[in-house]
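Please find the structures below.
Both complexes shown next keep subunit A, but they swap its partner, so subunit B is in the first and subunit C is in the second.
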Partner chain A sequence: MHRTGENRMNATPVEESLREAAAGAIADGTVGVVIGYGHEAGSDVATPLFARTPEQARGLVFDATCVGNLAIYLPKPEVRALGRTGLVVKGCDLRAVNVLLREHVIEREDVFLIGVRCAGVCEPPLHKCTVCPVHDPSGCDVTLGDSVEQPTADASRANALVAEMEAKSIEERWEFWKRQMTKCVRCYACRQVCPLCYCKRCIVEKTTPQWVETSPHLRGNLAWNVVRAFHLTGRCVGCGECERVCPVDIPLGLLNQKMAGLMEQWFDFQSGLAPDEQAPFTTWDPNDPEEGIL
Partner chain B sequence: MTEKKTTAAQRDGTDWQPRIVAFLCNWCSYAGADLAGMSRNDYPAAIKIVRLPCSGRVDPMFVLKSFERGADMVLVSGCHPGDCHYSSGNYHARRKLPAFRELLGFMGIDPRRFKISWVSAAEGNKWSSLVADITEEAYALGPFQEFPKCTAPEKTG
Partner chain C sequence: MNDVSETKLYRLEADWLDAALGALERDGVEVLAPVKDEDGSVNLAPVTASSEVATDYLNALIPLKSVFMPRTEVLIEYERAGVGDVEVLPGAAPAGQRVVLGCRPCDARALVMLDSVFNWDYEDVPYRARRDSTTVVSWACMDPGPHCFCTSVGGSPHSAEGSDAVVYLAGSGPALLQVVTAKGAAFVESLGDRAQPAADGTALPEPPELETKFDTGEIKTWLDENFESELWEEVSLRCLGCGACSFLCPTCHCFDIVDESTWKHGERRRNWDSCAFCQFTQHASGHNPRPNQTTRCRQRVMHKFKYFPDRFEQVACVGCGRCAQNCGVGQNLVSILSRIQSEEKP
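Let's look at the complex of A and B:
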């Protein structure tokens, strides 16, 4: 899977059209920068590439190593200072962009979206790719690549890991998460990488009062991970970046999937499928479930 | 409000009494609890009431913080749907709080320790029987120690 800089010469057809689209958008002033993927010697995954000239756009690649979610860059003031942002997005990345749009963190005219149809990244494909509902990103300014067959969503497969956890007793679940959360070193990489964790000041940094204990003991770690998962409920798009970057391999995706499944089950809602959707926690319905309320 | 020594503690021969933290909205549930007191209803004193403007004001972190500081059970109570003083606060609470309870349960924190209820200003009797019921349940569940006590670094390997 690993490719070095030299391989940039033998570009695939989709890479050719990607470079052309990016170089064109930079040359005619549509964007100030195109953020896409490039290869860097020594890295197994594609690294972010900021192309500000048509020549730099020649370095853009698109292959199974393009795992990262580049939507993370969109809200950043230092990126916005470069001018209108061109962004290379897979379907899953586009979902994060849609959330940023619906939350008015960015406006549609701030971005030029270069969508790439994607059958899945990594070898073997990531779990999220095997259950991906958006192989073909829609609503981009340009969309490249061959069409990908969209299998019908199989909810039971998407939620298999959650169901497995829910089959366990409360005590077993506690033991499981205790083992996991004990490992957390509170590096907050999960937050830093999340395209939707854009708050200027995170609750974990608030000290008057201190909502989350910052010491990396189990109680503080649990509180942190509960609040992280909950602040992303109805928002998380399942890009999997948090779990990928966690240095101690805590299955954060499992928490996200649990909450995403709940939103689907209770409110028939999947986050990030459209930029004008209404997030479940920003609205209500008089007929909402009353289950478990005394 | 009248205090009543609960018999469960004596039954077990221990002095332990559960601590239940209750977040009540000012307009309905707090008034309901007040009515229970004015009507001289008997109910267990295990409950510690925090008055808030609205059940929609309850950040789930209040719940977690209460557990952290030693609550054995947390209750959030507000106006019945349709009766919110701010028209929709309790509707928002009805989405967020049960979802939070699901998350706690998924992580192995017994969801029975987190209660949600609607009690109106006229329901003094509902309030006293609710408190009696959940106090009884809190006794049955016993002290909640897993979460508040887990501050020591775990020994691994």
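Let's look at the complex of A and C:
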């Protein structure tokens, strides 16, 4: 993981324009808060910064440590209580915002989007960055940063990790996942960091009856992680936050990438590319050729 | 605890680890030592050969508490024996004799705090049984990491509190061992001639320097007065509400009890729980006395630095730094406490 080192005194040009845009939006009452990235001693990655005054917006940064997906904060009542939200988004983060809009968790007027063009974070770049289709976030209220080249999509690269797993025998895969799932401690960091896990009450918190066993044994852990992967199928935008924050390093991205690959293969669908997209599992269409459920 | 007399120091021959593992295996004692897994994480796991043991590690990912308070354990089992009749069976018996070889002093020191809780108003039977049957041999910390702050909470990289013996490794050469308790003395005996009383005048190495980042006394003074403070809202805003910090904390000990059953058979399990979870204090009535992340974040700091000292005269934190290292949003106990300290000293 790229380390932040000390706070930089000198802002980069994109940081200057970011601070200016955020401070302006706060000062003229466009937003009550801008959520962006800041640096804090003791953290290897940039930390979420809640700027509520133009002065606080001076602490905003944008560099290779800005890994997190801040869209997580949009549905939270305590954040909404601060007024209209200004949100700093990279292309990958914008995809999550698009799903929140598509699913009407938030409405477009609730949020002021400050897009930052981004060719990738971390050094070396994360897998998600090397296959990212949205280096230039479009549809934001402000978009900052120099233009970046958008590489042409390379499906084989996007699916490389899944393909590697699928090359193994089913016994090898079962051994692999058993070992990974045994590690899970059920801290639910994966759920809590996911911008699309916004359910007010998650199924594991439903106790009458207890649908999913909460004990961190293999059976309970498999049930939890499979339920989670299924509920995100067709919705997950591949931001990779679940895998990043997993304290026991379970490669959760593999499950998400597998499901995303199937969505693309079967429905020609990539989640979160536009706020008005027709999502396969949540769109009713009288011309739907699928008669299976009738 | 640190002023053990020099007569309790032993010199260990370079091959002491092999000797220890051999002798303990012959005696049927299970040895748990730091092992690097296929994914690169180091955790305490059963070992039989010294080649399996990782010596150049900062700390185990999952803290030592898991040896005494597993993340899930069966308390009782029950079986439907007939109409209206249920047979209750005791849970799995705690493990036999065990030696933990190579935990860090901070994790061992956390046992002092866990002992306070689990022997308080009720003596916790499974915890006590595991403690009684386990010898804890720490490896003194020679190279603390960037998140470590044990010296800020009354500890030291060389603390002997909670350990039965402390080993000072020096590469793969001869090591120095400090006996702390009778269990530690018994461990030294198992080493046979590979452990000899250290020569007169042998001194323990000086612990590495570690900057003190805050004063727990001043923190406590502020907490006593500031149950209601805007600071809690500010520091909780970015908290995700996951349990990573609690579960990786060597002193966090809250648990949940659940029944998991099929038609005829069931288990009552005790699992780790976290005060950061929204359901942690949820009442059956629907009322939740900690209805938001602000009150939950406050609870975690208050429990460690006010309620625990009020009750047991010690803070419930050993400064291992796992909470800061593993927080997905860089939430940082040190930064919260440093900030509280600056409020205390305007």
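Keep this in mind: the second predicted complex is superposed on the first by the 274 of 294 C-alpha atoms of A that agree within 3 Å, B and C clash if a C-alpha of one lies under 4 Å from a C-alpha of the other, contacts with A are read in each partner's own complex, and residues count from 1 in each chain.
By definition in this document, a residue touches a chain if its C-beta (ideal position, glycine included) is under 8 Å from a C-beta of that chain, and two chains touch if they have at least 3 such contacts.
Because the structure is a prediction, the values reported are computed rather than measured.
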Note to self: With both complexes overlaid on chain A, does A:E171 touch subunit B (first), subunit C (second), both or neither?
What the structure shows: first
Notebook entry, point to check: Who does A:H217 touch here: subunit B (first), subunit C (second), both, or neither?
Noted result: both
Next item on the list: Would you check which partner chain A:V185 touches, where first means subunit B only, second means subunit C only, and both and neither mean what they say?
Entry: second
Check: Touching A:K258 in the superposition: subunit B (first), subunit C (second), both, neither?
Finding: first
Notebook entry, point to check: Same subunit A residues contacting subunit B and subunit C, which ones?
Noted result: 213, 215-217
Checklist line | Residue numbers on subunit C that touch subunit A, as the complex places them | finding: 38-41, 61-62, 71-72, 146-147, 233, 236-238, 240-244, 246-248, 256, 258, 260, 269, 271-272, 274, 277-279, 292-294, 324, 326-332, 334-335
Next item on the list: Name, in rising order, each residue of subunit A that touches subunit B in their complex.
Entry: 162, 165-166, 170-178, 182, 203, 211-213, 215-220, 222-223, 225-227, 229-230, 233, 255, 258-259, 262-263, 266-267, 280-281, 284-286, 288-294
Item checked: Parts of subunit A lying in touch with subunit C, wherever the complex brings them together -> 40-48, 50, 68, 72-73, 78-79, 179, 185-189, 191-193, 205, 210, 213-217, 241, 244-245, 247-249
Margin query: Considering only the defined contacts, which subunit B positions touch subunit A in the complex?
Written below: 60-61, 64-65, 68, 81-82, 88, 91-92, 94-96, 98-110, 115-118, 130, 134, 146-154, 156
